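In what comes next, chain A is part of two complexes: it sits with chain B in the first one and with chain C in the second one.
Then we have the complex of A and B:
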């Protein structure tokens, strides 16, 4: 079946798109790269961010995952100038992406390198020097079975993923070995993104309940630690169930526990 | 036109930092949360936390005043050291002539 002619990208924002759909972008008036327009905003307007689930093709953007099409307007200063399009899809299996912060479980120590299980197709490697304040003599105290929060340095389909626990300026900024106790469990990737959204109601409502600590990894893993085992398990159950609960049901469930 | 392909969600959506702590469970992480999330919204604002000083500023100034003199004396030559000593005993006029007398060569009296 030949693919039909594409539809305009703006028209599909917020609707379900399927793999194989072609999205047309509005034609750019100043496509001529030779002429450099000396004017404010001439160059940045051309750049468009094509996010996960989309790929560039001759006519415009080709959809590769099914989900809802999202769009973010241009502007915003520090973030990428020019608009951004991406597909909000749902999946449980994680594919390592460079720059993502994930929770990994140490499975092996091979000389100078730790092997971490991050839920992808391969195990990620983490050098012992990639911690803050680590030198050849001063090695970090990492054992098999520890939880590590780090980010991907290298993550593509041709190479083994590599992780580090420091950022570009050499500071750990919260990454490294996650402490003892606590509970680790797995959820779908869409829920993680929903929880990490700037104003997430679920997190706000939970924070009113008990004092607790939470680490969210982009690979679908969540680590929770509260004062007692019972409180930890309550938070875990709420986080697992809130994916399929409406706001009303969630508020009812939390109201039951806020008395405890 | 220029289209950039990205596989990460971090640059598309404005996601918060993954480590969070609530109600004071882990104070370091709470400080980190404020720092990280304000960095996303605006340019990095450096918050200068004034650490509580063990020694007050006045005491520090007083100590430094005398300290400079003490260390400076170490590097004076012997002659300059004597001059300093003279200056210290300004009020005492008795000693001065005796020192001056010492410096001059005493002719033997016939």
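Then we have the complex of A and C:
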């Protein structure tokens, strides 16, 4: 049945899409093969980015995951030819992506390389030289069972993921071994993205409750440390429950604790 | 894991695990290795469960984009909670919802529909256990959501080719209702966040 195969992409932004839906992209005005473009007037040819949950197919974009369709305009563009489309989906299982900052657990030391469990299908490798100020003589003090906050240098479906704890200029910028104590737990990937959004309400409300340290890994892992064990556990429970609570219920829960 | 749709009282619980680490021999170099485990309500899994597992696995592999996750294992566990007829199509629906809920990349969705041909030749959809026993033939189809094509067809009993075509047409029409149910369930899930 050819009817109903494909709806315009712009019409679906903000709505739920299912795998198998085909999204048609607007025809680009400068794609007229018959006429040659004369003169220096070059229209900005925006490249459309196909984000997570979408794949290119003959007619346009094929949806591969269920979720809400999102769109971001290309910077400074009046045309809809640029920008990015992606599907906001809920998932618990992490798949390594290059550039993501994650929390890994050291599982083995094999010569010059540490093996880290990042919650994916394969363990990631981390060289001992990939720390700030590390040299062959000055090795970082990493033991099995330590928590490391780093980012993926190499992460694709064909190769073993590699992590580093320095950025491109050689500075650690917050990455490295996570200190002692604290509590590590796992939440869904959607909640992490919500917490990482700028000016997240949940983090602001929690910081008014107790002072605490927080590390968020894109692989769904969160590390929390507050002054006492009880405060740490309260924050952990609130963060875990945030997935299912509405803003109202969260404010009520926090009001109960700020009285203590 | 995700709950199960049920025609009548048949219900199946589906759990999806993956993409996860795979044990040496089962590793495939170019795509994900999908394993389906079907657990009956009572007793140990037998030959019937094994053959249904293979049917489910082949259907799921047809829609799953396994090439995006090579050298990984995806496990789909189906637990039968109650069997009141049309069990295979219920398992197919539960499997599809499980894969959808887990966020695995799929090229399209699929659903299962069972047709029973009674001795007079009348077609009944989603038969109960009793109707299945009294029927001349019971056919189960897996229909995909993109173009309503048949992903899997299995039959028990005897029927003519024309009757099979009529059952297939009825199943394709019924598939629309199931796909609308999927869409409504997903909408409900995302409206809460």
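A few comments on the model shown:
The rule is short, and it goes like this: the second predicted complex is superposed on the first by the 236 of 260 C-alpha atoms of A that agree within 3 Å, B and C clash if a C-alpha of one lies under 4 Å from a C-alpha of the other, contacts with A are read in each partner's own complex, and residues count from 1 in each chain.
Going forward, a contact is a pair of C-beta atoms (placed from the backbone, for glycine too) under 8 Å apart; a residue touches a chain by one contact, two chains touch by 3 or more.
What you are looking at is a predicted structure, and each value in this text was computed from that prediction instead of being measured.
Partners chain B and chain C, once the complexes are superposed on chain A, both fit on it without clashing. Of the two partner chains placed around the shared chain by superposition, chain C is the only one that A:158 touches, whereas chain B remains out of contact. By the touch criterion stated above, A:167 is placed in contact with neither chain B nor chain C.
When the two structures are aligned on the shared chain, A:112 is found in touch with neither chain B nor chain C.
With both structures placed on the common chain, the touch criterion links A:93 to chain C but leaves chain B unconnected. Contact with chain C, but none with chain B, is seen for A:65 once the two complexes are overlaid on the shared chain.
Measured by the number of chain A residues touched, the leading partner among chain B and chain C is B.
Of the two partner chains placed by superposition, only chain B is touched by A:210; chain C is not.
After the chain A superposition, the centres of chain B and chain C are separated by 170° when viewed from the C-alpha centre of chain A, nearest 10. No C-alpha atom of chain B lies closer than 11 Å to any C-alpha atom of chain C in the overlay. Applying the stated touch rule to the two superposed structures, the overlap between the chain B and chain C interfaces on chain A comprises residues 55. Contact residues on chain A toward chain B in their complex (touch as defined above): 25, 28, 31, 46-52, 54-56, 61, 70, 72, 78-80, 84, 86, 97-101, 149, 173-174, 193, 196-198, 203, 206-207, 210-218, 225-227. Interface of chain B with chain A (complex): residues 1-26, 29, 32, 36, 42-43. For chain C in complex with chain A, the residues that touch the partner chain are 18-22, 63, 65, 68-73, 100, 102-109, 144-148, 182-183, 186-187, 189-190, 193.
Interface residues of chain A, counted against chain C in their complex, comprise 1, 5, 16, 18-20, 53, 55, 62, 64-68, 89-93, 95, 120-122, 157-158, 190.
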